[in-house]
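Mind having a look at this structure? Questions to follow.
Every chain is named by a letter (A, B, C and D) in the order it is written, and numbering of its residues begins at 1.
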Amino acid sequence: MSKPVLNVALVGYSFMGRAHSNAYRQVNHYFDLPFRVVPKVIVGRSEGPLKVAAELLGWEEYSTDMAAVLKRDDVHLIDVATPNDSHAPHSIAALKAGKHVLCEKPLGLNVKECKAMVAAADKAKTADGKPCRVGLWHNYRRAPAASTAASLIADGKLGEIRHVRAVYLQDWLLDDSCPATWRMMSKTCGSGAHGDLNAHLIDLTRFMTGLEFDSVVGLEQTFIKKRKNADGKGMLDVDVDDTLLFLAKLTNGAVASFEATRAAAGRKNHYCIEINGTKGSIVWNFERMNELEVYTVEDEPRHKGFRTVMCMDGSAHPYAGNYWPDGHVLGYEHCFINMLADFVKALASGDEFRPNFADGLANQEVLDASLASAKSGKWVTVARSQKLKPAKALKAVAGKSLL
Amino acid sequence: MSKPVLNVALVGYSFMGRAHSNAYRQVNHYFDLPFRVVPKVIVGRSEGPLKVAAELLGWEEYSTDMAAVLKRDDVHLIDVATPNDSHAPHSIAALKAGKHVLCEKPLGLNVKECKAMVAAADKAKTADGKPCRVGLWHNYRRAPAASTAASLIADGKLGEIRHVRAVYLQDWLLDDSCPATWRMMSKTCGSGAHGDLNAHLIDLTRFMTGLEFDSVVGLEQTFIKKRKNADGKGMLDVDVDDTLLFLAKLTNGAVASFEATRAAAGRKNHYCIEINGTKGSIVWNFERMNELEVYTVEDEPRHKGFRTVMCMDGSAHPYAGNYWPDGHVLGYEHCFINMLADFVKALASGDEFRPNFADGLANQEVLDASLASAKSGKWVTVARSQKLKPAKALKAVAGKSLL
Amino acid sequence: MSKPVLNVALVGYSFMGRAHSNAYRQVNHYFDLPFRVVPKVIVGRSEGPLKVAAELLGWEEYSTDMAAVLKRDDVHLIDVATPNDSHAPHSIAALKAGKHVLCEKPLGLNVKECKAMVAAADKAKTADGKPCRVGLWHNYRRAPAASTAASLIADGKLGEIRHVRAVYLQDWLLDDSCPATWRMMSKTCGSGAHGDLNAHLIDLTRFMTGLEFDSVVGLEQTFIKKRKNADGKGMLDVDVDDTLLFLAKLTNGAVASFEATRAAAGRKNHYCIEINGTKGSIVWNFERMNELEVYTVEDEPRHKGFRTVMCMDGSAHPYAGNYWPDGHVLGYEHCFINMLADFVKALASGDEFRPNFADGLANQEVLDASLASAKSGKWVTVARSQKLKPAKALKAVAGKSLL
Amino acid sequence: MSKPVLNVALVGYSFMGRAHSNAYRQVNHYFDLPFRVVPKVIVGRSEGPLKVAAELLGWEEYSTDMAAVLKRDDVHLIDVATPNDSHAPHSIAALKAGKHVLCEKPLGLNVKECKAMVAAADKAKTADGKPCRVGLWHNYRRAPAASTAASLIADGKLGEIRHVRAVYLQDWLLDDSCPATWRMMSKTCGSGAHGDLNAHLIDLTRFMTGLEFDSVVGLEQTFIKKRKNADGKGMLDVDVDDTLLFLAKLTNGAVASFEATRAAAGRKNHYCIEINGTKGSIVWNFERMNELEVYTVEDEPRHKGFRTVMCMDGSAHPYAGNYWPDGHVLGYEHCFINMLADFVKALASGDEFRPNFADGLANQEVLDASLASAKSGKWVTVARSQKLKPAKALKAVAGKSLL
């Protein structure tokens, strides 16, 4: 193949590193891209596990020297999949080195970090003087059902948006024997369920509705305040939330409620959003990610109701045509492949790619405001330091089969 | 009120007697009828429980003398709610006495009995020389969702019908300590789950699709062949099915499958029918009786899927407007009230009432054919001794509030 | 029958008057009560419609003179089913006249009214010097599934409660041509969706968890601020909420979120509560009122998940045994019958009946606090002027058949 | 890595070729296997598309010379993913050449072909004299939920099996403009929906219950009997079923019903099986493949109901631990990866691998019997030419993370 190569370096090889690696391995096999994507080098601190990770996750090389990797001409894209506290330093270093960057969410630990990242992205140039491109791994936007929801709303099928209600419920921290990790210490994660899960709810709200946040009021709780250290030695103070709920006023007068928790018994990855407008409603629950519920007021009265749409019709639902026939369901990992495909296309076309670092900053402004509100007990106005246009709705590209 | 009175005599006060009584007590309060319906006299064999039943179920009088009741000029309608083996004698006697009759399903024990009942109904006249009117308590037709399904199909929303699949699953006979009753002896019930539950599936198929049955092949099984007598003395041979499944060819080439069982663990009253046509599909599950699932191929591809329709919009769904605001759900007993209201209206208007005894005979012809097939191991052609037109689809009468 | 009679007078004959009337007509037929309940006299202002209502709803008499009714010795119980602004005057007058009172919810327009009602109830005596008894029509407590949820939680099956999230979503006010009624003017209704629907969410939370509210923060919105007058003449200012959301801290540190709206497209009567504890969770959605979802952490890992429980097993689920066999679903109106039966039993036994006026006051304290918060933009501490014990969990009385 | 290599040759690169290729590319990244699996060479007839397929699907080489490929020492496993009529010749040739074989289902066109394939498999030896190993791509067995169902049943959680009901519903042939392909001509496919979809239902029934089929009665229909040729030239007679339903008696007296169709409007890939036993029930619907519904009679009466189990707990559900954290759903393609992993492990361990060609023959005996029955109109006894033991239930290997 005469396609140019896009060599990738990945830093981090835990949960997110695995999910991103899968996308790099798979994307060429499902999408007709302007580049041949190559998982080139995986980067970390400890050679032993790094070598295993390279083999297992399909990377050609591994390296413990990030600086050296950044100097390589044959590395074009840096993927940051480390804990939250190193998103900013890795991303900024990569941008300074003239690399494109895909960063795991949340963008940074706080608004200040995020602003620095946006600034770095705005001025970064590749070796040949073109702007560096950045993306944020809010993968769920690229589930076919989520993209379909956004396109229905963008086309006015729901009318004016009135309500958003979204919850992200897990239960793994119910167990008080579950040890503390970086996800339970503010210095490494910023916040708890909030930054991890509410970040997704905020992103999906912004993506689906095209609306921004005006002001918020929050409530947080940490049910288990000490957990044993992961190394078994002693106890650690948990200084982040187990749960954080907040109410919001959106820019058009719509009202919204959000809740993230890791303590809802029986809820494994219950990530559910409902949006009501003057002409219709949608509901999406990630645990049934291939289905979208859609209600339209114009439907015939005798059979008006929430439709359960299987979003796998290649002619109607984005990304569906790149995989299997209708009804042959996709899973969690496909969202990453889809997003990567879009990013790679945008690299070649120069078209805008969303979510980018500016989206990450906008998201963090909501996160910081609601966290501050939870601590102060007051409504907090969301700083909207940027003027972002809504992301363009994704369209289904009628499934030209790749074979 | 100057309305004429319709006095009713009910024979039987077990499960069905209770459900019918409820309808007679309630119908005047929810429907504006041409008669004031009066639960006049309840009839049975034993004075003791009968007296209690009269009080509890709301009947003005009780009597142990059916013949005497039939002679009364002030009794207009006889309701037969006894075990299956007395449906024919009671109904025929009532018709001979010039009474209107509402009979519990199945109409009789077998086709022969049913034919005699149809013949009796055809020639019976009231005291003033008008035809006696008859109805069969296939109450489920009058659930708002079931009626809506029929009207959608009658209007061509599903196109040509291709498939019917229907199951009626219960589990109360799983328990081998459950004693034998009249429902487990062929001389009193005709057949087991078959005549009890498949009768409903056949009726709903005929009602919703307007199609009849061409031929059938059946399979029956009795898992527990001896049960203790209800009086605790000794064991009884169960000579009817615990389950009976059959396949059918319908009159337009559609294919259908049916299954009735009382041995499906966890299924309490799981009565579910799915109908697929060339333009759409419906699914109705009685355990969620207020909901109807509807799929139409013409819906927009992006949001094409099975709708879950709450059938309680008074302007769109039959009967809904007579009760509560949208979304305030109805229950099992409302089907009986609805059917009674329609019957009483038909008494005054002279309009056809369905299901009538001819429907009961058509139903029994399918029941007998499939039971015979289960015993012979051969496909059996369904005797279609009558030419019945499909019942008219029920319409929503836009909810003129009664207050 | 030698049972003493309980004669009832009902004031109001709109939606709630119809639902209460149904309960008075039906309760003797489904429950073995210490009194024979008689719907004696219906009270209102206009003789014309009142006469129709008496006939249609099954009342022996009608009267336009409430004072005269209150003086009658043969009237024992007053049922208040009028708009919110007359709950207090009617109830207090009835109590002063020595009558038992069942009042529609919300108890009053505000805390002040509710306190006066509680005070009146506390000192009222019947003609023979016994305390007058009062109840509040929070009927949903008596759905078999809701009662089952409360009993599971009372027995510790969910462990310590951590989360409550509840929504009550309707869509009838989406339509801007829907005219203004008393439900959209604060002087007659107190508040909008809030007092109507959040009142139910608060009651169910208190009932199911046995917890009280510490503090709340609210957000309200009125999307359509002018509506045409019901008489067609001119426009009216809507001065109550279309939607009100609030977050709450409960007395044990649990967090909770609530939302009431009449503008959620496609949601007819979507009244859904989820409660998560350290050992399990429940979900109840009124639109599938016979089902309760239950998760328990102790279940075997291979088949651990939310159960969909059909709450109609007479031996296990309260009230179920009084109606139909398992799986034959109940509807909205049965909750009223069940509550009435419990109230009548409590009249005879002297046992506590809940919810009573004190519950109505506790509820109103939460309503007022969250409404005040929505207006002030601050967290508000809930006045807890009473020390209420949790209501006792309702038990299934193993279904002794009434026949 | 010092792992031995397992080089694979794949014949066929349409739908199934793509799904198998994905498994070969991915299996090393999710499972710790005794071999390094290498997608070595893809085989077909036309060099042009073959070259594209090799690149797109990730094969090192391509070849139009199957005979030459079979002679290569460095090819160990042949995967047959061609239309049904070449399963037998390719598989038998591969076995004669001493290769292991994984064949797409159904095994062959008819029982005769299947027997020849079983015979070939029984005597085939690899170059070093060991038995050749064979597997059949009934991938759905390896969905975590399906495997969990089988293990629950094998452990007696459902008691004695009484009922199986299974449907596989699609709707792509509703459209009469859909052209004829090899799937609609008996000489290439054997039968229509029957061999394609009922084959899955039969396999899952055998796998989950461990029971075999005694006798069957079938009903088939072809709704659209002529379709245009795929090349646009003229019309073709469709000589296979659009739908085939059959009833069955299983070896222990259980009764079962099956239906396959490609004409059920709105059903995309609705593959649903329900199994009822004396102690419980399961339901599995592929379109929600990560969920399993489980009912057990021993559960506490108050909360007895069908559980919706998310089968992604690595410690409880087979394969789940190899992918993502609980609740992060898997898709269609993972079933293939899981099956391949099991096959590769069995190659090294020598343990039995199921489903094998004997399973394919047993399956075909049911397919042929029910097809014959549909044509003859008589019950047909299923030839059970082999004595197969039930496959061992698959266990969850507590998720040792690969990193």
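Convention: a residue touches a chain if its C-beta (ideal position, glycine included) is under 8 Å from a C-beta of that chain, and two chains touch if they have at least 3 such contacts.
Just so we're clear, the structure is a prediction, and the values are computed from it rather than from any experiment.
Using mean Cα coordinates as chain centres, the one most removed from chain A is B. Set against one another, B-C and A-B show the most C-beta pairs in contact at B-C.
As a whole-number value, the distance joining the C-alpha centres of chain B and chain C reads 35 Å.
Rounded to a whole number, the gap between the C-alpha centres of chain A and chain C is 42 angstrom.
As a whole-number value, the distance joining the C-alpha centres of chain A and chain B reads 54 Å. Counting partner chains per residue, chain B has residues 267, 304-306, 310, 313 touching two or more of them. Put simply, chain A touches chain D in their complex at residues 1, 13-15, 18-19, 21-22, 25-26, 28-29, 49, 52-53, 55-58, 170, 172, 267-270, 286-290, 310, 312-313, 323-334, 402-403. Within the complex formed with chain A, the chain C residues making contact are 158-159, 162-163, 165, 167, 169, 171, 174, 217-219, 221, 223, 243, 245-247, 249, 253, 255, 257, 259, 261, 263-267, 274, 276-281, 295, 297, 304-306, 377-379. Residues of chain D that touch chain C in their complex: 148, 151-152, 157, 291-292, 294, 296, 299, 301-310, 313, 315-317, 396.
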